[in-house]
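The letters A, B, C, D and E name the chains in turn, as written, and every chain counts its residues from 1.
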């Protein structure tokens, strides 16, 4: 999990929980009955809205996005410079041993295609198709999370209305109104927390990471094509640099040549 | 009905109803008067908003979308490979007996056109027009459901305002306030449930299914054209594969050839 | 007025009024003071927002759209087949007596231009310009209704705030709070009803009818051009059929030929 | 100021004020403290949001739009027919005395350029650039008004929260709650009135007038170019007619010729 | 900091604070507990939503935008006229001493490239890329501020719900309700203030300044290219004038020539 997400979750939840505990016990904010309405109802509405495969896919996409490591562009470029030099020295077959050291399936697949002698244009097509379907999965995940962020507060409202109606019907002893109303408000609280501290920021991060991952994968595609075409490391670096902001472009190639 | 929708409806409604019954009887939440305002008012506003044919069409579209089976792409591809082989062996007329085994009117119509010797481009035009009008019907259905999802909470608010005004006018015995207010809140409850557990997720699913059905029908159109052109099964499979994600493309053709 | 609108208005208003009368007299919901704020305020804001001509134009557009009859496409096509046969038999001048039987000014104008020997391209340009300005008037009408649908609830809120402030300032006898608050809520009620049962659905229907009317008028333009060009009735029918969904295309031409 | 705006302002404000005065004195609704929060806060937020020049520009744009007269298209066309006849008779220099009778700076500038012998294409470019910057100023004005329409209710809410917190902290004598709460609600009232009766309709009118003014100015540009090219008055009229709906096109040229 | 922002912040905050202090002490509106929930929660949600680098980047972008000076277009044009004259007299190398007097890194870099003899098209490409990444940073900053403007009120609501639930659970002594509720409302107050007086107007100003800065930098790029091409000062001025509204185009060139 990346640092920002971790810091975010800790500061958001820890602060809210601490703030709660300064005022009362935490148990006051746990009610199975209310959790059932808000989470069950939202889950149900989401299942009606989306195909079952997509809903279950969200967990996978979220897990992948929050826990899988993304290459830094610097690291990727310097790796591709090595590949490029090795390929020019030993031929594309010389990259075979490098594959064992990698654990990024997309990169391995692309390099394997190059080693197998597939035409550059065919490699590009295969890899671009994979990037497209990846983006589609990310997009679907972010959309489901956003939809859930609209169902959660709605279910919170529905739960509160149920609680209020039940309370008002039997309102005899004014002393019981307070606790009953507190209970009724819990579902609104759950809905607001689930939507604003979980679904919305996760959908946002998913969109951000999807862009970053796409960029890195596009760099890989271009790097692999360059290597397949036997291009000079200097050219490879130049091409990959065009994907990143000028101030991050420290030419590792030149420094190595000089040293 | 597909599994996800069924699970969704059960989890959403069963949980809400269970949650209600843990707090009071269910009858507390049924009031004919309030149902009349919310459902009658929303129905009325929808009838003013849309032509009568479109409103009634929603039920048909919804029924079709939730209950009709959609081909899986795998199943469709393997069926088209059979058609393709048979057509190359026995000519297009050889497909005639296959039609009796099918019950998808779109596919039957397309194959019949091919058997009747209609030109490929004319077949494509006829079928594409049908897909367009189908998409239009789906789009209209989803739009009406979304519009109803805005009228439902509005009618809920109107009902609650009616209840509140009536209650406040005659507010003499404070003991009667509770039950009267509970009654007034029921319309808001109905509006929120109808909008968020019925209309919105159904509109969402309709859009999703429309996309899937369009994809399957586009595959059919391309398959039929390929068969009419007497293309090789291998080519047919390749063309149909381009419609689905790479990881779902298990070449059934090759395995059959080999076995 | 078309059936759907009539059914809609009756079901919406009749149900709401019945529901009100089951709980109290209707007079409780009538307050001149509140009507003044909500309707006067919304009218005023609309007059500031739009030129006076456009605001008054809304009534005309709404009346036209809800009360004028639109040709059914079937009816229009069969009428054009007659025109086409007559024009081929007796020349364009033979259509002159037909004009007297029509009462659609757009169609009469178009046919008159054809009879007068105006060039087809000039006829198309004149009629298309008229369609464009018609669409513009419909669009403007729908926009004003939508804008009013945002001003109505706002004026409702303003009215309620006025009522609340006045009530709270002089709150001495708690017994008077109820009725005063009921009165204050009336403006919110008026705003919600006017926006959701009148403005929004009417704007929606206006957009729908505009589309239908445009389609019918486009069919007329194409039919008139075809007749001017002396095209065969079969071709005329085919051209007009391309505007409607395949399942509604019953070829009247062929059946007449055969009978 | 155009009639609609005047009628709008009178009906909106006069009705609201009358309605208030039927329930209480007007002074109940005036509180300096609350005005300060709502208007000061909104002004402040707007100043943070926009460059100082743009905020001050709003007043100028609003004044110009509400008080400057726009030519009616009929009037403009008949004036251009005169110019055109005079220019054909006496040459472009013959228009010089006409300039003194005009007081529309845009028209004067355009005609002066024509008289000075500037090339038609250069005239068009200069005038179109001026129209673009005018539209930009109108667009900026409408945007600022719309932004203010979101800040006003927000400041209203903030003011009410301040009032409520202060009231609740010292809540001892229940008799003081009413008036304190009435005061707290005043800011919400100010925010709603300023947003819905001033900012939103003014932004709307600004957009409408910008369109009208642009149309008139486009007609001027085309008229000036036609005159510079020495075109026949009949052609000038025809060209200008293409900017307005067919039913408003009464050919003044022909009637003059005939009379 | 530009004047408008300063005036805005002072009028917004000073007025709100003055208004508060006229009703109670300011300390009533400070509660660490509530600040923790609203600011901590929003910060947390933002950290989950965006990469850590982007969140920290906001402060830098905001600081840069509010405190760095932007050239006025007049000033820039007159400076470029000087450069242009000097370059024509002394060659591009004659600009070298001018660089020391500048402190705008973008302008220095562009002129240095020109002095170094880089091709005009290459200079344009390098500088345009830098402008693009600058815009991207501004856009990212404005987006994060807008996202925070949706999290702040949500956290305010969550805080208020926590306060209400805690208060209602233990509601025994009615005398304590007031202060407890006042405390609960504080988070809503913080959320509304942070969103509407800080985040939203800052995001708006950021977008405005980004546009202005881009315009100025585009002028610089075009000026540098013109100088590199050895264009005549008159042409340089004309080209730069096309970026600004006609009424601001006072030709300094001509006046200097004449004087």
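Note that contacts are C-beta pairs under 8 Å (C-beta built on N, C-alpha and C of every residue); 3 or more make two chains touch, one makes a residue touch a chain.
The structure presented is a predicted model; accordingly, all values stated were derived computationally and were not measured.
For the pair chain C and chain D, there is no chain touching both partners.
Least step count on the touch graph, chain B to chain E: 2.
Where the sister copies chain D and chain E meet, the same residue numbers recur on both sides for under half of the interface positions. Each chain gets a centre from the mean of its Cα atoms; for chain A and chain B, those two points are 29 Å apart.
For the pair chain B and chain D, the distance between mean C-alpha positions equals 47 Å.
Only residues 33-34, 36-37, 40-41, 43-52, 54-55, 126, 129-130, 133, 147, 150-151, 154-155, 157-159, 161-172 of chain D touch chain E when the two sit together in their complex. By the touch criterion stated above, chain B contacts chain A in their complex at residues 2-5, 7-13, 15-16, 18-20, 22-24, 28-29, 175, 177-179, 181-182, 185-186, 188-189, 192-193, 195-197, 200-202, 204-205, 208, 212, 245-247.
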